[in-house]
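I have placed the structure first, in the form of structure tokens, so that the comments after it can refer back to it.
Letters A, B, C, D, E and F mark the chains in the order given here, with residues in each chain numbered from 1 onward.
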Amino acid sequence: MKYVPVSGREMPRFAGIKTFFRLPHVNMDADYDVALVGVPFDGSLSYRPGARFAPSKIRELSSLGRAYHWERQLNFVEKLKVADIGDCSVVPIDVAKTYKAIEKHFAKLAGLEKRFISVGGDHSTTLPILRALKKKYKKPLALVHFDAHLDTYPAAWGCEYHHGSFLRHAIEEGLVQPKKTFQIGIRGPLASAEDLEFVNKKGLQPFTVENIRSANIKTVSAKINKLIGDDLCYLTYDIDCLDPAYAPGTGTPVVGGLTTYETQQILRGLKLPGLVGADVVEVSPQYDHADITSLAAVDAMFEILNIYAGK
Amino acid sequence: MKYVPVSGREMPRFAGIKTFFRLPHVNMDADYDVALVGVPFDGSLSYRPGARFAPSKIRELSSLGRAYHWERQLNFVEKLKVADIGDCSVVPIDVAKTYKAIEKHFAKLAGLEKRFISVGGDHSTTLPILRALKKKYKKPLALVHFDAHLDTYPAAWGCEYHHGSFLRHAIEEGLVQPKKTFQIGIRGPLASAEDLEFVNKKGLQPFTVENIRSANIKTVSAKINKLIGDDLCYLTYDIDCLDPAYAPGTGTPVVGGLTTYETQQILRGLKLPGLVGADVVEVSPQYDHADITSLAAVDAMFEILNIYAGK
Amino acid sequence: MKYVPVSGREMPRFAGIKTFFRLPHVNMDADYDVALVGVPFDGSLSYRPGARFAPSKIRELSSLGRAYHWERQLNFVEKLKVADIGDCSVVPIDVAKTYKAIEKHFAKLAGLEKRFISVGGDHSTTLPILRALKKKYKKPLALVHFDAHLDTYPAAWGCEYHHGSFLRHAIEEGLVQPKKTFQIGIRGPLASAEDLEFVNKKGLQPFTVENIRSANIKTVSAKINKLIGDDLCYLTYDIDCLDPAYAPGTGTPVVGGLTTYETQQILRGLKLPGLVGADVVEVSPQYDHADITSLAAVDAMFEILNIYAGK
Amino acid sequence: MKYVPVSGREMPRFAGIKTFFRLPHVNMDADYDVALVGVPFDGSLSYRPGARFAPSKIRELSSLGRAYHWERQLNFVEKLKVADIGDCSVVPIDVAKTYKAIEKHFAKLAGLEKRFISVGGDHSTTLPILRALKKKYKKPLALVHFDAHLDTYPAAWGCEYHHGSFLRHAIEEGLVQPKKTFQIGIRGPLASAEDLEFVNKKGLQPFTVENIRSANIKTVSAKINKLIGDDLCYLTYDIDCLDPAYAPGTGTPVVGGLTTYETQQILRGLKLPGLVGADVVEVSPQYDHADITSLAAVDAMFEILNIYAGK
Amino acid sequence: MKYVPVSGREMPRFAGIKTFFRLPHVNMDADYDVALVGVPFDGSLSYRPGARFAPSKIRELSSLGRAYHWERQLNFVEKLKVADIGDCSVVPIDVAKTYKAIEKHFAKLAGLEKRFISVGGDHSTTLPILRALKKKYKKPLALVHFDAHLDTYPAAWGCEYHHGSFLRHAIEEGLVQPKKTFQIGIRGPLASAEDLEFVNKKGLQPFTVENIRSANIKTVSAKINKLIGDDLCYLTYDIDCLDPAYAPGTGTPVVGGLTTYETQQILRGLKLPGLVGADVVEVSPQYDHADITSLAAVDAMFEILNIYAGK
Amino acid sequence: MKYVPVSGREMPRFAGIKTFFRLPHVNMDADYDVALVGVPFDGSLSYRPGARFAPSKIRELSSLGRAYHWERQLNFVEKLKVADIGDCSVVPIDVAKTYKAIEKHFAKLAGLEKRFISVGGDHSTTLPILRALKKKYKKPLALVHFDAHLDTYPAAWGCEYHHGSFLRHAIEEGLVQPKKTFQIGIRGPLASAEDLEFVNKKGLQPFTVENIRSANIKTVSAKINKLIGDDLCYLTYDIDCLDPAYAPGTGTPVVGGLTTYETQQILRGLKLPGLVGADVVEVSPQYDHADITSLAAVDAMFEILNIYAGK
């Protein structure tokens, strides 16, 4: 099996059955290095639904993906065997069942010593993945968290588990190291001042948009690299870290956000030798136009693949 | 309190805070006759989400509603006090909690001797409403059911309760009379021949699109009127009974469906003196264009109000 | 000057500067027979604006127009010299000034003994055109009026002149013959029973959708032909006579409407040897999708051109 | 290998890598009976481009497909092994090279004694398929041709081969039997009276929309069945046979067209024991909304699969 | 009466009847401090219409609003009683009548000593508001004016009053102080050099985009604060100050504009202790996508509420 | 003939037949200085089609264009006679025939000593224009090339000539000077490292987005001005140099791109006294929203007209 994309100069990019980056579709236990896997669940959203269609749409747009990173001078397909292993089965109308299914799926994947990028789904899908990694690696991970929102919010409508509380649970369950949790792109407004209490108490350090733009953007990744060092870590990229002009297709957009260029700059600066998993979440194709949000998601996947390949 | 719409010749129809048909927004226990109530829950859908936004969008488009029915020569506001009582609170990410909330809301409403039109939400919201009515009226209701789908389907993904199984449960729980359950607009394809077993065993009588078009459309309502007579009954109007050309904004559209003119003809023929409740469900505004699906929903509400007023 | 469309088999239909039906753009006083003229005014609308963009959009879509009528076995360009004379200048924010400008423009056109199709704009634009024709022809015209609405409504917001009152004024001003005013596609609901008083008092005879579908559609035009005979007459085609499935791009859509096939059948049956002017109004391109409403407008123009050519 | 769709009650219909009808993706030489194959070429279009994206979009929407035909009481997966064999490679910017590639692909498929449904692409793709079938079967086929257009038009812009001339070439090359060529849904306007000369000279018999609606729709398929009998035949379904209200997503829409119900009625009446190939063409997803055109295409494929299965 | 928003953690943000920021809907003479009021008039626009729908759409999107300002460490609901007082009645087709209605409405509101944010409507609606404030406060106000356009343009089509001339009239009528009029986001091209004459003669000082980006953005608000000091002042935020990438949904977009982050930075720097009124205008929801323009409007309203609260 | 735009203060900008910048439509051999000419060909695209509609759509949006450049203090209509000469006829389905037609059209135009802006069409249309200019001027031109892509790519699907190879051919055919070819806005990813070989070998100097943002943007045009000096030169503006947030309506968008403000800054700095031709290409209106991409194209045309006028 050759883990190379179908060439766009042979088969046009709009043709063929869609897999992530036009890479082979294989079983989970094949001999690849990094799995690209869909998690089409949007049952924990608070506002606009639709992220269930993200894996399918991002597969389609990843046809425009290319493999050579100019700045890194790196071709990820020469360094890594990357494959599409299809979607994790979910239960669209039941959060608890879905969490179990996701945890099981990723526990199996981690058990096979695979690294991966999960393509959500809403941000609640990150929690069961982190649970699976905790079981595998036995210790809390460092976390690089791109987002407009803190995601440490309390229960809503009597429900503990929703797309705005995954990080609170991950910290409370000991899945991630709060002091090595870096939140990038965060911005207000918040519901109330209390929303910051958990963040402050646990020692999370949000990089707000204003923080990032007030300093040299290169310092963001430099600081993260230094503090994470060789720790095992996870990267979660919520597309709403981007401004709605760049990522309209998402469930709870917040104005005043980052540009794709800015998150490229940060991702390109990250080293993360201990990266064991990653995800891209909260793309809602129904609210997108001209597929620009999906293209931004594909680009984030490309940069993450380069972090894997650059190690 | 006067239960009359804000006049479009005084305040333009695009102006003002949106209530159903520009009618007063009152508390549930006010002195109106018929409540218009939103149930913005789409957590039981199997394909396209978005019906959670239906009550809000249908309120907006009902600004174009008018009160005088030419064919019936009837002005419903002269016959009935109709009001908007706001939305039932739901839990967007938990089916069981939502069912309880809906049942409680409509039990209270029925307890106040009010009739109503519920504006869904997905079709799963009909089940807890029927449960509430069973508690109130102590016997199974006749049912007029507009739909493309039988909604007697088995569990999906291990879940008994979803938007395609409300009728099976309603029958199994004794909430409706299967032999007085009339399904209008039904059409294939089906997943398999087994999908018809429940229908046949229970004695439901679907009027398929072909049935309707092969005969004089007036006979449909005549037959239903005759068989239901004075029985207490419920009317549920799933917008996907309509063809996707007429109702694109829905979660699981099926081609080969009815026109709005056809469902008008049937609704205009219905008498239903025992009508105690009704709903309009499965409008997904994100998939609509030019709001034509919401306009079709407003028109169905108008016809149902005329059934109430015509008694 | 040859009044023939640019051939789509020479210059592709998407190419070139857009004129109606790819016909020559000439000055009003050139030697053509029938003028196609835009009236891009939507300042009298009550709900969705946008008809100001209709002339431009319909010019674009008329690139798909063809000249040979299969059923009539008639090529209008062989019978008539048809030309695009550009748009009437309007004042987008002042109804009274616009009425004067339109009346003056069409008085001049009628003075040149030209027939025409005006492409609106909202339906209020028909009134000043009828005023211009009254001045020219000195007597009230018969009227063929395709519409969902009666357009005999009273003043709104203290304004006598708006897109829903053109016909009331035309009758009150003696511009048209009420008993030879035929309204096609009319349907409810209405604001109140009073809305019918003017219609009944003046002896207008609406053909509602139900009227049309209950009988053989051929009888509609037969009846109109018989009653109008050789009278001078005007034809106004409000696109909302069509169902929103066929014409979503309009300002005040009403469900339960006609199909394009049905209005084709009626238009094909019309003789109208005294036809002196016509218009197509109420297309709102912003609410259209895939330009299907504009295509319906182009087709109506084609049928009207054939009425002119068939005389 | 089991040729059954992935169940929507196990894996949600929005999940997973998209194949036609969620059927297995196999190599061309696997042991299936009927191939579903994409031909994503839109390089011969005269107006709106985009049909290159049709195979991908129709794969996605066919997730909503089901297998049991209520009227036929037939489950196609129990009768036939149907598979997705991926897309034929095309050259998006070169008509001649693409024709060769298509002819070669289908010659190979026919050589394997497979029947198929090709999912276009524009209508020019039908010609090389017919050439391949001529080589295989050595005689001209009968043809059932759903379309708004005659497709017997002359060269355009100096090019013989375009999406409006496939049938003229097919007849001139002896690939189909002109007197057994049945054109369904045809309507005007035409560019000129000359457009009918070829049709009349060759003895094609168009069923115009008016022809179909003036008679009992059942007679259409009855007549075709009788005249084709056991002849080898081909079925080509151009989505623009449908009215733009039902199929807005196409390149050259024509108002006054058929409904999906009407083409279902005709397809359900067809027997065609000699059917050796079929296609569904001219879907342009960019001009679609709510994917209703793709849903219509999926339904046409379903009916064609039932013709294959019903033999 | 408690002037707090309905909590999104109790009632989902998509549920319920829509008021601005989910605040109470009260009568004008209730005991709140700051009124949020719609002015749905777009009858003075020169290009794309649709701002009449802005109040309704912005109410809907303000459901996503939150109350706590992270940078200011301020929760506006703890400092101010803010309420939705519904829409000002307008005459959609008559500029003069509408101006009178608006002036009367805001004169009454100012007479009650209320501050407010008016949600337009087109920019012509600002003039009658300023007239009302002049009557109340007896002297010209300082003005902070976000816009792409100078809005000091001459009459158009013979009409003095349109959406591009409000500021010229406000200055000529002595409603605002020209030398304390600050225009932010202005950019070319202009119709001609004469367009700058009024600006230069009156001593307005536009901050063009290039001015803003050439300097430290913090200096913009510092300069304005210093020059306005404690003067009574008004803030008008035309959404087209933003680049079309950030605010596509507007009537006359101009490329090369500000980002939402930049106007946040300026608004956050403003003190304006004498702020007596404000508006957000020129949002055209029909041209928006994913509601990003409405979200930008909601955010501007939030920042303005914080200016009120911060005093 | 006066070469001035129709005034928007006399005829509203949405009215009238659409020409570029509302300038006169004249024959190629009239007495203007600069031609605006459409080249509606998109037959060489590799992904999203639709640029064939760009000339028509950009004509429409150029109605919003104005003539006075604030920063340059220059009114181009006072310096130059600019006219719309309509579209070059193309063969939508044949690359070779189209190249010949384009070359012939521009050879004739150059022969008349006209300068021009060609409005594409896809980027392949630039090659035959450069061929025509080579014939006229007998030497290779300097080139200013805005683009996300290098456009020096190899053959695709066996075709040498496509929209990603125009520059390779222009260099290989000696039409442009590689060392005076400046590429602005270029960014990765690339298919492979080999994609840079041609660029490096020929000595092209791409200004990547990172290059541009790492330095003072004014230095970009300063450097180009210095190196080109008085050389004859050509400017090609591929709209995808912009970020998809600013130009979603294009065929192969790449995230991380320039803003309209940045390309304005560069264009405003350019002198180019030897500019003999220019184009704006790759606008795909079907993928645009709110026409923001077309507005960006109009603005680029305006800046290029100012370069011509500023000489």
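In this text, contacts are C-beta pairs under 8 Å (C-beta built on N, C-alpha and C of every residue); 3 or more make two chains touch, one makes a residue touch a chain.
Everything numeric in this text was worked out from a predicted model, so none of it was measured.
Listing every chain that touches subunit C and subunit D alike gives B, F.
Considering the contact criterion stated above, the chains in touch with subunit A and with subunit D alike are B, F.
Traced through touching neighbours, the fewest hops from subunit B to subunit F number 2. More contacting C-beta pairs link the chains of B-C than the other of the two pairs B-C and A-B. The chain with its C-alpha centre at the largest distance from the centre of subunit E is D. At the interface between subunit A and subunit E, under half of the residue numbers appear on both sides, which makes the contact a different-residue one.
Averaging Cα coordinates per chain places subunit B and subunit D 37 Å apart. Centre-to-centre separation between subunit A and subunit C, using Cα means, comes to 55 Å. Centroids built from CA atoms put subunit E at 40 Å from subunit C. Looking at subunit B, one finds that residues 10, 12, 14, 46, 52, 91-92, 157, 243, 245, 287, 289 touch two or more other chains. Working note: touching chain pairs come out as A-B, A-D, A-E, A-F, B-C, B-D, B-E, C-D, C-E, C-F, D-F, E-F. On subunit D, the positions that touch subunit B within their shared complex are 7-10, 12-14, 63-71, 73, 75, 243, 245-246, 259-261, 264, 289-290, 292, 295-296, 299, 302.
Per the touch definition, subunit E reaches subunit B in the complex via residues 10-12, 14-19, 25, 38, 40, 52-53, 55-56, 59-60, 84, 86-87, 89-92. The residues of subunit F lying in touch with subunit D in their complex are 42-46, 48-50, 52, 90-95, 97, 157-159, 162, 286-287.
The touching residues of subunit C, counted against subunit B in their complex, run 46-47, 153-157, 187-193, 195-196, 208-210, 213, 243-245, 248-249, 252-257, 287-289.
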